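Note that subunit A is present in both complexes that follow, paired respectively with subunit B and with subunit C.
Right after this comes the complex of A and B.
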């Protein structure tokens, strides 16, 4: 993605040249020939740059091998096929000198290859002086002609060979262990070594490859011209370096692609051809090249330094939302009026728990809840006085649910969905979905699994609050309020599928009592929707609750056939007004520290009960905010309500009003006869 | 200046653009919890003390609503009902001068009788503070020409700069300074120069009344709060700070469209501007730092209301300060008086008078 910036600039440059300069179709041939020879050098240089080094001696190696192949052929009469094999070997031998010095002796790549640049050029001079008189004999070999002027399926041989090598190099660099090791070494040598990569071997191999490719390019060059002198390849290193940097290969290592380097080579060759067509002095080309190289080197440096900041600036883009009317909960004697019915709920795990978003109770009455440190606590029933850490998830445990086999499913922010077995071990259920086809952003990971529930067929419905931010950055979603979330189904066979995409912060998920639909709460849009999963309306989404006075969070079934839901925050007039001002919210995120951002009123605890048809039956509050300043989930179990809060230091257990008691087992997946192999009994 | 232009200018020459910033409370303003540990003087409810004065005999009087009260033990008795909101008070020898919104300045004698002192149009409304130089020569600060004293938030929102200083003497009332950003406190120095606190420009400056044309000298600038009334004490001047600055509020004030919408559609108590106290959690804006984590509200969270009184020394530095931070309750300090070795503050936000003994 980030290489797109220099590359697109390079493309614009070349298009501009093609438009401004009368380049004809005849120039295409010479451009292709040039690209084929120098392109091989560009591939080699890219590999070395990706490995974190630099190779300036490629031009000299090309010169030496070009001479050597001619000498082998004309002077010593070595069979031509052997010469074709020997050319890259000679190049590789020279490359090995570089590799040995840099990888083993650990000299600086720049100075080493600068020295070898001169040294190899000296070798070429010596060869020329020694053999020049004997090189004038014309060649009679067919292979020589084939390499220079022949074609493969209509494509000039050098170009065809270049394309083949390009494809192989690209695949090796991006798809092979060798390529990955090389990239790792280039981006961070120390980390690469600590991860067990043989850094010396990787670096050495890069120089060998670069030398071999330069050697092969030398063979092609001498075949093309039918002669060679010590001046062949002079100044190529700077042309190739410019091309590679134009192609977006980073000079600081670790980032780059040979395909893009080849495109850069095209651009440079077009510039070169343009100067030839315009009959400009060679000095112009060199100057132009220097300017381009300087510009792109600076761009590469600055881009490397600022790309993360730049990406961060682009990543948050608040949206404008038309919000519905706001119910005033402070008006006395209404259904919504603030009350203190949650205040006196006795605490569970006070001082032990740090932020349980949700909890689950097994049929032994033991309670399980998450913690911001990634733990799952278990509190012994029935009084829940004693607690211990039962499992460790490694992420932020959020929603809990029981699967058909009576195991605990936990949506873990940062980790996906995990299943916790009776012995406290965790196993991964899913952490990936198929990547969206036309999205720049890689949304294949389940980053922020928030809540989940199990459908009668055993598939798990998971809400992903946002596919862009992590669970630790939930406040960004409050500010951005864009459809970044989705609802994911994990089928019983483990495959995953996105069932609702582009949904604004989906949070609570609850299977309906009849098992035919899934309720999804949209936190950012203050609503609850129903997704039909069977029956005549299968696949359709329809609203259940709209324009709620708060930001809905988790939902769970109640024993009397209704549903419990909690609000993570309440809307305020200002938070509603700011929804109309995305530019202001963007400014807020840029100019103010996170602590100063305006958010909805999060310091409240509000719980409500609603029916399948979307009628709100009752609303419970802790108006003092002393004990339960936030309630993010409410679970009913055998006559008690369990209050969890992702910022609370406790859970609460509230005796249920007799009028609320029903006969439905809230733990059981609707319409199933769940195997009641108890969680706690399996442990014994 | 246009914001984009300003950004470009700042890019070219960073030093040439001054942006509003809220400095930390540091040095003499270092935060503490002294106000939270102060002794409340009123045990009876129903008061909202705004200004407080002490007569020569040590009798503490305070204004609450439209009345002036005398502190009696743990409760208070009404001295006079003035028929309008009392916006400020001062002692002049044995009488109290009180400013009544819509009426002007009245004089309350020791026996409780009331008569008009000055009813000039200039001092009819929004008198924020009164200072007496010598009996008969008074200077008052007028917060705004267009609002009453309770209109502070609205004036803040629309950038009101119509405050003034009015001098009253035997020749009547005349304005000595105009176009100020809500002057909220005045006090004389021994040499006759005047200390003025300007709420909307977060500064305390010194003016020479005998040379009204001379530019004022700034004593304290860019304060992290909106300064209020100034009362002289033994070691300098006590300054009350009813409101504390908030970076997010200043961002809102920089968005004219949003301010208009706020003024039109949102009730005043729900605006994202500093308040004397938290009135209604469920309707007021929240900032993320105010989140209760594990039951704790951190004291250094962005403040919507705050309690602060500080002592401005004669050297022009903040000598010491008394705070009630976020999570505390003694917020919105509006009045101060030094009685002997005791300091009595009127905490309008906390609806009480607080006594800090043995300073």
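Right after this comes the complex of A and C.
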């Protein structure tokens, strides 16, 4: 994705050349041969660039090795197979000089390799003076022929070898620990070091590899031309550098792919072939190359700066939604009419808490709630007058639930799902799922875990609001309103599985009282669905609530066998209208800063109670919006309702109406006999 | 596991059977490329003069001849050949194109590859910079039915025809000339300012000079590679004078283009008193109009003029003959040398092929 722009520009350029210049299929062979040799250098240079360095000496290493292989063969009569092995070793030895200077002595890569560019060329000149006159005998070994002119399964040997090396290099760079370390070092040396990566070794290995590949390319060049002067590979560094930059490999490190570099090499070679076909002086090619390099280096710089903004704009694709009828909550004397029943709920942790999305109460009556600074607070029961930071999650704590062992589970935006133990330590439950096949976007990380609940079998159901955006970018999801979210099941053995994919902003998750199904709230589509997890309908999804007047957030069980749910925002006629006009929403995101976007009315506080069959029983509001301007979760415990709000500076505790009181322990996982919580055991 | 092993073996076997060494076997093309009418087998024994003229024109019509010199623009030696070739081929209705590789071996190889692979030429006229580098290209061209004529700088791989100077003899002769002058002065040290080590010109020249020097009792005290570059030659000449000053009597430089700057360096040294006047003579090979000017100015003491125009004409004749005879490219190989003569101030104006203009 990140290299799409430079790479597509490069492709357009090459197509334009192919169209304009009479390049024929016959030029293909020459282009392939050329790419095979220089492509090896491009792979090496890409690896070094990804590691945050640069290697200008590759052309010289190629030259020295090319001469060395000829000398070994013709002067010293070394067996050809040994020469084939020695070529990359010689190259790697020269690469090791670069690596030693840059990784150990900490010299600057540009200057260092510029110096070695000259120094290694000097070695080549010395070899030339010493040995050249003895190299005029023609070669006799079949291996030379095989390397230069032979074929493997119909593919010219150099090209076949190049493809093999390319694939290996690609896999190593993208799928191995070594490659990831290298990329981390190139992206940010300091944080790589702090994460325990051996920076020196990574950098050193990059130069060794670059040298070895240049050495092998030298062998191929010798086999192809048999040139025995020191000028082999002269000026290749600039050609190869242009190619890799064309291929979208960043000069500032950390970003690049060898495959794309190979594509860049093709483009450059096509340009070169075009100048030959057009009988242009080779000076033109050099000039053209310089212009292309300059253009793409500037692009790299600018693209590097604006890439994320641009990608965000490009990837934002609002969807069109057919909106159902809107209930008018301002009409007097209806079930939905705005009221003030939440307004006077006494606060908990006023001034201490910053944005508790959800909370949980343990056996001892102690209250635990999140905080957008990443903390979990604990307020001592039964009055919750005193609170302290109990645990630190490192992300954005959202939904809370108790697991079968009485430990606290928290869905942490940016981190996945964590388990908080009685001593306040946290442990990771899950932070990844299997990546979807055929998806360009890597959705393997659980980026935006939102709410969770536990099923009778101990598996955890987690809603991921979006697999594309982070918790900090929730506004994008409001605007886009596309099925980017999913419901994930974490099995008791820790494995994960996506049980609902392509769901629009799943938010609240609640296990039904009978333990047979999981309720999931779709914020963007203002509805609640039920996923059957056992019984005859297992695996089916069916609607519970539709066309709600607000955007649902967390849901929790009520003690009387019903469910509590809160709205994070209310629908308005204008927000409904906007749902039908994605182009308008897209334009809004381009022309207005985020805080001026028109999104649903976020500052409301509406709480409702509904039955298993989807009947709304009662609705509670804070019409003043002074104390509880946003309620994102409701937890019922022993006759009290606890009001949490992701933008509130407090929790609220509301005395329940006697009619609402039931006998069910809302914290217990349905259909299980939960023992005492580990939290209360710890207390003893 | 077993299946995997079998699959690996099968794959390996497939890959190995699919390998070829690419070493061209003696599989000559079965016919000459090109024109619809051809004189295959040569001109009929008995034929009307008008008829034979027509036959030759028909054979040569639309033949594409490519000339790939090391360098072209501004170099009298290659333009001298090119001009003769151009005049000749154009009058016969052939297409003649010069591809300037501009002193870049890689570029030259790419140009030739492109000509062969895109079948853009029926005959290649090459000017070879390195004994080995064009080996593959010559073979491929001939296999593709393209005649190859190599000019002046020979290759380890023979083309259909080589036309050029007999450099070893020329080198011996000019060394003998230098020996005469050196002995007259009572000195015996000479130095070579040569070209790149694997350059065929360099190899043959050094051989000739060594042989003659041994016979004449001259000592070669230094050999450098000028890379055929004027500034390098000039520096090297100055250094040699500095190092061998008193006993040096001749600088042997196998091309007038680099002999001139060497001569200038000698003159500067003489002017600055670093070497006695007329002690060190520059002995060259080849003599364009610039070379002759150098001789009359005393920068070059003697040179060998060889028939450059004749090399161009010879190549023209060779190509015509190849097409007329119509043998498969690479099936027969021949070498031809052009005449040469030692020149100095006294005789250069009397030698027809000395002091050529490249036009």
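The criterion applied here is as follows: the second predicted complex is superposed on the first by the 369 of 684 C-alpha atoms of A that agree within 3 Å, B and C clash if a C-alpha of one lies under 4 Å from a C-alpha of the other, contacts with A are read in each partner's own complex, and residues count from 1 in each chain.
The definition used in the following text is that a residue touches a chain if its C-beta (ideal position, glycine included) is under 8 Å from a C-beta of that chain, and two chains touch if they have at least 3 such contacts.
The model shown is predicted, which means the values in this text are computed figures rather than measured ones.
Of the two partner chains placed by superposition, only subunit B is touched by A:649; subunit C is not.
When the two complexes are overlaid on their common chain A, residue A:122 makes contact with neither subunit B nor subunit C. Of the two partner chains placed around the shared chain by superposition, subunit C is the only one that A:273 touches, whereas subunit B remains out of contact.
Using the contact criterion defined above for the overlaid structures, shared-chain residue A:424 touches neither subunit B nor subunit C, since it reaches no partner.
In the superposition on chain A, A:319 makes contact with neither subunit B nor subunit C.
In the superposed model, A:354 lies in contact with subunit B only, and not with subunit C. Judged by the touch definition given at the top, the superposed model places A:227 against subunit C, while subunit B stays out of reach. Put simply, subunit A touches subunit B in their complex at residues 328-330, 338, 354-355, 475, 570, 572-575, 577-578, 580-581, 584, 587-588, 591-604, 625-627, 629-630, 647-650.
Those residues of subunit B whose C-beta lies close enough to touch subunit A in the complex are 246-248, 251-252, 255, 257-258, 261-262, 265-267, 270-272, 280-295, 297, 301-302. Against subunit C, in their complex, subunit A makes its touches with residues 24, 26-27, 29-30, 33-34, 128-129, 132-133, 135-139, 142, 145-146, 148-154, 156-157, 224-229, 231, 272-273, 276-277, 279, 281-283. Contact residues on subunit C toward subunit A in their complex (touch as defined above): 14-15, 18-24, 97, 99-102, 104-107, 109-111, 113-114, 117-119, 130-133, 135-136, 156-157, 196-198, 203, 206, 225.
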